[in-house]
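Next up: some structures, all given as structure tokens.
Look for chain A in each of the two complexes below; its partner is chain B in the first and chain C in the second.
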Partner chain A sequence: MTRQEIEREIKNIFQREFEVENPEMDVDLREAYAFDSIDAIELLLEIEKFLGSELTREEKKQAMDIRTINQICDYVEKLAETRKVAPVKK
Partner chain B sequence: MERRVVITACSAITPIGHGKDQIVASLLKGVSGVKTLREDQLVSRFIHSKVYGTVDYPVDYDFKRQYRKTMGPVAYYACQVAKEVLEQSGLPEDFITSGKMGVAFGSIHGSPTVQRNIYKVFFEAKDKAAYQSIGAVDYLKSMVHTTAVNITKMFGITGRVISSGTACTTSSQSIGYGYEAVKYGLQEAMLCGGADEYDTITVAVFDNLLACSTAFNSEPRRTPRPFDKLRDGLVVAEGAGAVMLEEYEHAKKRGANILAEVIGFACNNNGGDLILPNLDGITKTLKLGLENAKINAGDVDLVSAHATATKMGDIIEAQAISAVFGINPYVVALKSYLGHTMAACGAIETILPIYMMQDGFIAPTLNLEDIDERCAMIKHVQKILQKPVKIAATQNFAFGGVNTIVLIRKFS
Partner chain C sequence: MSSKKIFQNVSAFFITLFIWAYFLFGSTVIFLFGHIPAYLFSENSARAFQNLNHINMKNFFALTRFLIPGAKFKIQKEVRQIQSSVVVCNHLSYLDPILLTSIFKRQCTIVKSTFFQVPFFSWLLKNSCYMPSESSELMGQAMVENLENIKEHLAAGGNFFVFPEGTRSRDGKLAPFNKGVFSIARYCNAPLKLVYIKDTDKLFKPGTFLFNTRDNIEIEVELIGTLTPEYRSDNFSLSAVADEARNIFEQRIARN
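Let's turn to the complex of A and B:
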């Protein structure tokens, strides 16, 4: 899985689930798009679907400091690396 | 310290229209909002009562996703009337978010539509994916105070939150407790009301208690029939109503358009049976309301009766009205147009008399063709009257033995 594929999927999730078209990569999501803790939980479920793998509680807690799309992509990249599995194709 | 409390905005979504123009037009034309009960793929086929007070027109919502995500259908209704009331009041944003304004808003049990989806998981979940379908927001959409807090979130309101869920007295308590919060200086303003969404389970509950109308399934507009000989029970309905209550000097200072003044409120309990109407209990409520408003029974021009069109309930209410108010006030049963809008009924049935005060008319009780002689000792309205209304009393009684009365006066 390339970084490009991860970015594309995260942007798809943001469009589909959060009605955010082409989000800026480095803006604070809360400030720019009113992305809150409820959205974060929904996003983690979407990431689990994308990876085809459940996240551990520890991994979920790590996500709570994330503020930008780029950081989300970093996070997913790391998770994918840990699992060394191909993401579920949609 | 007791302060005067005025109403500086009101709005309603009802089975007979959305907002004053549509609602007044329906009242003047005698339009009923009662329609055939919708098939729900669950319990509707077992329900004997096939009628429902239905909002069958589109409501033009314009809520951003950040708000929609925690809203079930009941919160859509609530937030829409709240939005209209805030706009109509002209209160500035810095006041709305200052903590000087609170919200008193409720529904009878949150969002049954969302709860139904959660229950499906209990009974049908076969794997983890089903379990995960219970979203993080389902509780926020379905909890009993979902209307109140979705309003606070959408408009940044930081004052008190009161969210009564006392069935048919939910929004009369909202207005009453909001009135007390402003009257005693706890808040400068309170946004008050109630809402309930389309829900067949509520119909099933009343149907099983033999309290629902069943004799007019083929002619829905002919029921409910409060105080009429042929009445055969209530008709469940959906809707929402909201009022802005504001401290009088505050409203006056900013040049607000004052629609009416809340002059009294009372609430008590029958202290016994949770279902049966109780003459002693509601008679006391009406007397307490008059004492609280510091007026005489003869001062009341109009009584907006609870009058659900059940056999016993209407008789007991007529007896209480007669005992307390005598033959003086006109009595109208607005559920005859709307059905029983549950948590919204207290607010809606306070708002419609405000419209009548403003326009100088009294709407008749619909379907009241042949007055039951046991209810005949009060002054019923059977045709439109062009009469000024100065003081109106809205009375509501709920399962649980809760009784309320809200008294309003035309502002001059």
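Let's turn to the complex of A and C:
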């Protein structure tokens, strides 16, 4: 899985689930899009779907400190690396 | 004002005072002789706290029924049998969460964030595994911790009851649903039980201090639907689930 694929999927999730089109990569999601913790939980569930595997409690906790799209992509990249699995095709 | 009316108002005042005095002092006694020992000695203090809250609220309603004979409670058997579910309810009165706590032995819920700032009460809520309502209170890792606790609670047979309207209805109509409660159900992969509460607002009307001790009131708690969404499906839509739940409530309200 390439970084580009991850970015594309994260942007798709933002468009589909949160109605945010082309989010900026480095803005604070809370400030720019009023992204709250419930949205963060939804995002985690979508990431699980994308990776095709459940996240551990510790992995989920790490996600709660994320603020930007770039950080989300870093996070997903790291998870995919750990799992060494291809993401679920959409 | 007729003397009959004056007598009714005075009587309502003292009954209300007595009921809330029990609420305060009964809770204090249960706290001293129940919650504190449970906190110190119980292996599963959250479970013990929830059970104590259940007993306390059962006593509260037994006293209410005794002091207000005109108030009848019709709780459907199917509601009492609910387990391991997110229980979605309409919200009419402050009595609703108390009533649901009296029905479910193992229960947790979302509580107004302001209560989490009250010393003692906050300790009780946290140890009962209840969640604060404001998302600002839930930011960060505590959110995941809370949700994982609820997931375990549901897996162990407990219920998580929620009021997606967020606040009490003043006119019997449904307020917009907050989708957050459905996100929590999705996170926990739990079924949704839709429970309709009727006429608690007639017994204790929003915006008033006094219980209605005059009229005959039949409070009903009824299971009106069960949803088991396929949360992991590609076609899953949170909005569709929230809309379906809302439609079922609207249909039930239309039958009144």
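The definition used in the following text is that the second predicted complex is superposed on the first by the 90 of 90 C-alpha atoms of A that agree within 3 Å, B and C clash if a C-alpha of one lies under 4 Å from a C-alpha of the other, contacts with A are read in each partner's own complex, and residues count from 1 in each chain.
Simple rule for what comes next: a contact is a pair of C-beta atoms (placed from the backbone, for glycine too) under 8 Å apart; a residue touches a chain by one contact, two chains touch by 3 or more.
In this text, all values refer to a predicted model and were calculated from it rather than measured experimentally.
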Partner chain(s) touched by A:Glu19 [first = chain B, second = chain C, both, neither]: first
Which superposed partner A:Val27 touches (first chain B, second chain C, both, neither): neither
First, second, both or neither for A:Ile66, with chain B first and chain C second: neither
Which superposed partner A:Glu42 touches (first chain B, second chain C, both, neither): both
Superposition-derived comparison: chain B or chain C, residues of chain A touched: C
Partner chain(s) touched by A:Met1 [first = chain B, second = chain C, both, neither]: neither
Where chain A meets both chain C and chain B, residue numbers: 36, 38, 41-42, 45
Chain C partner contacts - residues on chain A that touch it in the complex: 17, 36-38, 40-42, 44-45, 49, 57, 60-61, 64-65, 90
Residues of chain B that touch chain A when the two form their complex: 64-66, 69-70, 132, 135-137, 140
Residues of chain A defined as touching chain B within the complex: 18-19, 34, 36, 38-39, 41-42, 45
Residues on chain C engaged by chain A in the complex (per definition of touch): 135, 138-141, 143-145, 147-148, 179-180, 183-184, 186-187, 231-232, 234, 238
